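Across the two complexes that follow, chain A remains constant while its partner is chain B and subsequently chain C.
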Partner chain A sequence: MTRDHDVLEPLVRIPGVRAALLVAEDDGLVVSEASMTDVDTAAIAALSSSLWGKLRKTSVASGHRPPQLLQLRADHGALLVAGLERELLGVAVTGDTGNTGLVRLALLALQRDGVR
Partner chain B sequence: MRAIEPWVGQPLNRFVEESAARVVLLMTSSGQVIAQHGFTRSLDVMSAAALGAGIVASTGELGALLGGENFGALVHQGQDQGVYLAPFTLSAGPWIGLVVYGAETSLGLVQFFFGQLVSELVEATPTTARPKAVLADDFEDELDASLRALFGE
Partner chain C sequence: MADDVQALTARLAADPTSLAFLALAEELRCRGQLAAARAIASGGVARHPHLADGYDVMGRILADQGEGDLAFDAWTTALRLSPEHIGAHKGLAYLAFRSNDLARVLRHLELAAQHDPSDEALVRAVERTRAQVAGGSPSAASPTGTPLGAGGPGTLLVDKQGRRLAGAILHPDGSEVSDTIAAQLAAVAREIARTARLLQLGVWSNLEVEGPDATWSLVAPTQDTILLAADQPGTPPGRLAMTAERAARQAGQWLESLGT
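Entry: the complex of A and B
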């Protein structure tokens, strides 16, 4: 288990979390992951980094600071993305029963404490 | 987008739209161009196809030397743009995709949508599609027709 993988431990321990990833912001590639087997982490990484990039551009263009956290609610779960240091993104996917409040806190802690 | 094989058109158009790739080239493993997007000169596309097929053949041989396993996609990341070169197999034979992308997209997106393109091509391949002999009697006519299809000349 790598140190980056250790960083994801607090996220995957939260009930209802189906996947937790560190993603390279520019490339949209998975740096580290912990997930259920049926989750397409490469697709999540590519699409969430694209979404994050568009959100950041929109936010800056409208005169606001870059976003801290993105939460996308869907029919059967949620996607949460947070900008981290070293041009990384912390990404979590929850199912129906996922506790998004705890996931937000864990992502913000990752943002504050760093991934080292 | 221009294609010699009409069934390639729709999946390739979708890939170009979704991945925001600048240039795309689909070719056989021997470097015969099947479809292209973004090229404006026939000389460029023929050179790119020959070089792309050469690179895939070289890395294939390298893989064989290093333990008999074929490499997957090859990525060359530059300052302003990157090149994604990936072999894949259809019932019509082994093909290669060459994608040039810029900062408006990402390698992850190109990789993801390229996977979808390959799946769609596998589905769309006509069951009767058979590779033609490279040096058929009507080679010159076919070459002219292919260039017209690819560049509208």
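Entry: the complex of A and C
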């Protein structure tokens, strides 16, 4: 278990979180993961990175600095992504009963405190 | 429904002169199968060159394909054949709306409402457009509010082809970037839908983006549109999401009143 993995522990302890990952922003590969269920973390990483990249591009085109955090809400759950240091993304996927407010706070703490 | 398409296709195959082509083309259009819808509508129009409804459905398909000029031709042909054709007036109002020509929007909506005064959504659209014309501001064409980027909340409504339908975004330097952002939002919308589908999250309802310079909320008022609502950084995401959902309802009603 790496130190990168350790920083995911607060995320996966939140009820309803199905997976938490550190993802390389540029290529969408998994750097570290902690999943509570049988989910395809490689797919989560790739899709999160791609969506993040498109939103970053849109944000910059509008004259704004890159985003800090996104939350995608859907019928059966949510995807949360935060930009971290070292060109990493903090990613969490929740089920429909997940507490996205707590996940958001955990990701913002990770953003503030760093992954090491 | 797949059954509808099968049944309509069977009817049309059994009798190529059947008017089932109207419903079949519209059903395919609603499913996003625009090339197939256009082929069916083209065949129907060729067989029934004096049927205004054929040109109306063709106009809707062409508009969805981004062929505004051809859609205009189709709807004006429908009106030549049937000057009281409500669908054609709504279609031309929609094209005018996309061009931000409010006076023309109002003219076509009023004509449509004259022919069907029982259509409450249409009557409301006329009233709303009349008020916007009286307001005299091009940005009043937005069903959802003020231009974005001027320091207050803003909205931008775009279609799935990435074209701006209403609202505006200004770069902090004051330049207009709405069309650029509209084009990018269409790609964002496709990525959101793909992500939700592949991660088995179901149908997405809202995307909130927090940044150091702005907070955004994205929603889909209809299957074919996406709406961006923005506010100052630090705006509670839940509050902005509510604003976006309210704006999306208004935009959905507006688009519905135009028959799109």
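Keep in mind that, in the parts below, the second predicted complex is superposed on the first by the 115 of 116 C-alpha atoms of A that agree within 3 Å, B and C clash if a C-alpha of one lies under 4 Å from a C-alpha of the other, contacts with A are read in each partner's own complex, and residues count from 1 in each chain.
The definition used in the following text is that contacts are C-beta pairs under 8 Å (C-beta built on N, C-alpha and C of every residue); 3 or more make two chains touch, one makes a residue touch a chain.
Quick caveat: nothing in here was measured; it's all calculated off a predicted structure.
Participant: Could you tell me whether chain B and chain C fit or clash when both sit on chain A in the superposition?
Facilitator: Result for chain B and chain C: fit.
Participant: Where does A:17 make contact in the superposed view: on chain B (first), on chain C (second), on both, or on neither?
Facilitator: neither
Participant: May I ask for the angle at the C-alpha centre of chain A between those of chain B and chain C, rounded to a multiple of 10 degrees?
Facilitator: The angle comes out at 80 degrees.
Participant: Of the partners chain B and chain C, which touch A:93 in the superposed model: first, second, both, neither?
Facilitator: Second partner only, chain C.
Participant: In the overlay, answer first, second, both or neither for which of chain B and chain C A:26 touches.
Facilitator: Touch status of A:26: first partner only.
Participant: For A:54, is the partner it touches chain B (first), chain C (second), both, or none of the two (neither)?
Facilitator: A:54 sits against chain C, while chain B stays out of touch.
Participant: When the two structures are overlaid on chain A, which partner does A:110 contact: first (chain B), second (chain C), both, or neither?
Facilitator: A:110 sits against neither chain B nor chain C.
Participant: Classify the contacts of A:43 with the two partner chains as first (chain B alone), second (chain C alone), both, or neither.
Facilitator: A:43 sits against chain B and chain C alike.
Participant: Counting only touches as set out at the top, which of chain B and chain C does A:71 meet: first, second, both, neither?
Facilitator: second
Participant: Identify which of chain B and chain C touches the larger number of residues of chain A.
Facilitator: C
Participant: For the overlay built on chain A, what is the smallest gap between any CA atom of chain B and any CA atom of chain C, in Å?
Facilitator: Least C-alpha distance after superposition: 10 Å.
Participant: Name the residues of chain A shared by its contacts with chain B and its contacts with chain C.
Facilitator: Residues 43, 47, 50, which sit in both footprints.
Participant: Sort out for me which residues of chain A touch chain B in the complex.
Facilitator: Listed in rising order, the residues are 23-24, 26-29, 42-43, 45-47, 49-50, 53.
Participant: Hey, which residues of chain A end up touching chain C in the complex?
Facilitator: Per the stated touch rule, the residues are 43-44, 47-48, 50-51, 54-55, 57-59, 61-79, 93.
Participant: Which of the residues in chain B end up touching chain A in this complex?
Facilitator: 105-109, 111-112
Participant: Touching residues of chain C toward chain A in the complex: what are they?
Facilitator: Residues 149, 169, 171-173, 177, 180-181, 184-185, 187-188, 191-192, 194-196, 198-214, 216, 237 of chain C touch chain A in their complex.
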